[in-house]
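One chain, chain A, links the two complexes that follow: it is found with chain B in the first and with chain C in the second.
Up next, the complex of A and B:
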């Protein structure tokens, strides 16, 4: 059971002067329970790629299946969509209902659930994203702060209890505190719902901290795909395509150049400090 | 899906036609339209069409793309053709049954009207294909500015048009994005009764309006903070100049189409 993309190609505005190949022969499998980070320079096709994961965009050639459901089939697509929860960039702009409660219930309602079940899911989702039900449920979504609105939008997806949660830059435009909270929410969601997460992010530090697998995109192709500790050892290659490496990996690189043989594959501050304190104790 | 609109779209290029001053192009397009209206003989459309094709070649835009701007017009064309074919009853009768009577005059007239419409659309789309909307409105403003004497708000009108043109693609993008987001939440815009489908638009319209108002607000603040105060005393970054090529283009076109008109009147 997985999201499988096979030889997916997509060109924007095909057969016109402005045509632009956004995806070139993409093959990607996202397994259950996996945490995949999708990184790449701006315009590399990340958003286009994830739009294919729940059939919002149809590949011009190739095939996408979710748990074996062919996403080009209209009926199966509907079922597939409830399994893949999609949180777009700046999701707070999709809120439209009078109250937060009603807005979060929009997805579950569309799935055909009863009112009681919807309400239960709204409570659960709000708790998971850290919005108190008592305080926020009956407020208008337009009276919330930016960060709260983002969390309400996230709750709207979570309430559908997706098996795969796809997040497009969920932390964009938030302050460090807000970023931290969304990040913690994503981590706790994963353990609470046992869902797989695909997260697009420009913050290498966050990716290094929470992801297991990293997929690197460049000009519409997947150029690297592997464990976090493995991908971030290719410093040169990442630089070439305009990507940074996590701060800790950069420090480790600097130390290595100065003769400290820090092992490869360290890319979080925690791991680095653990290694260094261990080493200091030995001397 | 929302972006398949070719009519009135700019096609980037470096041809002579692209380089002409927008005012020249606007005035010559108007002149061309007048010429097309003054032509009263079907066979005189032959030189007009040839002239138009000559300009098309000069623009270096693929002919297929230019012709595709006619696609939205096809039903109007068919309608005009059929109406003229059926309404005109003078001339030699070619075909007659039931209440339908088709005459030679009717065929000539129907073809004439259709060709006229085709030429008008092609002529104007040549202008919009080779001129950016911004340059076009700049040109319009400049042309209308003498009317300021009678308190005609030329600058304001042009600014409003510029802003509207600037935000159409943005709003289309936004609609697309919100539609995707709501579809991901299980909204369904494609099936169900008309009322159900109209109701399904609410989750799109509300966020769209909210962000449009927000954008308008932000734009107003941004313009204000850069001391925008209307058109009085405002200078331009790119000042428009009539060049030699404008003179040549105008001379060639006026002589060519003028000759066609005069021939039509004399004959």
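Up next, the complex of A and C:
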């Protein structure tokens, strides 16, 4: 079972002077339970790609299936969509109901669940994102802080119990504490729901720390795809396409350039600190 | 004399509500590169909006270039001295051609048209966007749009440039474009820069960092001093950049001699020196 994209192409404003090929022959499989980070600079096609994962956009050529369900088929798409939960950038701007509870229940209601089931889902989702049901359920979403609102928006997706959770820059615009909390939430969600996570992020330090696999996009194509430690070894290539390198990989690179033989594949501060402590304390 | 002087400033958005700023005092010197950091809701943007009179104090005083911001007669003059760039690049562009947008400010100041031409060209050169003079702003990247917004401010020849989370919605490349330009304008043109941000790595080269917490100034100092107090930063909902976190860990484990370096390159150097000192390389 997986999200499978086969030879997917998409061009914006095709047949016009502004024609822009956003996706060029994309082949990508997201397996159950995987944690995939999608990186690439602005305009590389990341958001277009994830919009195809739940059938929000249809490929102009190629095919997308979710657990075998063809997303170009209207009926199957409906089923496929409930399995792929999408959280867009700044999702807090999409809250619209009178209360937090109603907003979170919107998805489950549309799935045809009973009121009791919906309420159960709401409670579960709120607990998972760290919002107390007693405190927040009956509040207006507009009385919440920015960070809380983002959690509420996330809960609205969680309440549909997706098998694949797709997050478009979930930490953007939050302060360091807010970023850490959202990251921790994503990690705990994944283990609680046993879902796969696809996360678009510009923060390489975060990607290095929590993802398992990294997919790198550049000008509408996938240019690298592999384990975190593998992809972040290719620092030169990443720099070439204008991407940042995790701080730890940058320091490790700098030490190598100065003649210290740091092993390849170290890309988190924790791993680097452990390695350096071991080396330096022996003497 | 300080170019901006904030004296015991308190500000309430609503009469009954919690004050967004309470008893803030701050002196900003001419030519300074000041960074203001703080958690969401700490009051940093509210403070920034006092620097050009967009907001005026509930109590206390704010003087910009010696002018009281609460005096309406000063309002236009103050805005001429202080250029502000905000978070969302899409909300700040008013025309459909880049150079028209940059000309919008000086036009409104009644600058003669040949002088406007000159200022627009200069401003676009300083932000590295000259070749996009005739472009349509909506076809540009976020970082480029923010550069246009900065150019629009520069064309008014301000003494002070306030970047109110101007990098928050940009990708790392866009962020670097903006911070590089801010540094250049500060060093080469002597413009006082006030940068409000949540990205701790952007403040490492500021002259001074002010840390806000719950509407108050929690503490301040040069970046080295501020980043040496990681517990206090965490307490204010912030953190240290990853390289500084590594530095602290190594020092704590006695794997690195104490250092107050905050820049990634400097820290790499310090670690390398440790290898040399211990005879490993």
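Following the convention adopted for this analysis, the second predicted complex is superposed on the first by the 283 of 283 C-alpha atoms of A that agree within 3 Å, B and C clash if a C-alpha of one lies under 4 Å from a C-alpha of the other, contacts with A are read in each partner's own complex, and residues count from 1 in each chain.
FYI, a contact is a pair of C-beta atoms (placed from the backbone, for glycine too) under 8 Å apart; a residue touches a chain by one contact, two chains touch by 3 or more.
Only a predicted model underlies this, so the values are computations on that prediction, with no experimental measurement involved.
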Contacts of A:21 with chain B and chain C, given as first, second, both or neither: neither
Which superposed partner A:41 touches (first chain B, second chain C, both, neither): second
First (chain B), second (chain C), both or neither touched by A:187: neither
First, second, both or neither for A:91, with chain B first and chain C second: first
Which superposed partner A:106 touches (first chain B, second chain C, both, neither): first
First, second, both or neither for A:2, with chain B first and chain C second: neither
In the superposition, chain B vs chain C on chain A residues touched: C
Partner chain(s) touched by A:156 [first = chain B, second = chain C, both, neither]: first
Doubly contacted residues of chain A, that is, touched by chain B and again by chain C: none
Chain B contact footprint on chain A (complex, rising order): 13, 16-17, 51, 54, 56, 78, 81-82, 85-86, 88, 91, 93-96, 106-107, 109-111, 142, 156-157, 160
Residue ranges of chain A touching chain C (in the complex, touch as defined): 18, 41-43, 145-147, 172-178, 180, 202, 204-205, 242-244, 246-248, 250-251, 254-255, 258-260, 269, 272-273, 276-277, 279-281, 283
List of chain C residues in touch with chain A within their complex: 38-42, 87, 139, 141-143, 168-174, 198, 200, 237-239, 241-243, 245-246, 249-250, 253-256, 264-265, 267-268, 271-272, 274-275, 278-281
Residues on chain B engaged by chain A in the complex (per definition of touch): 3, 11-12, 62, 65, 177-178, 180-188, 202-203, 206-207, 210-211
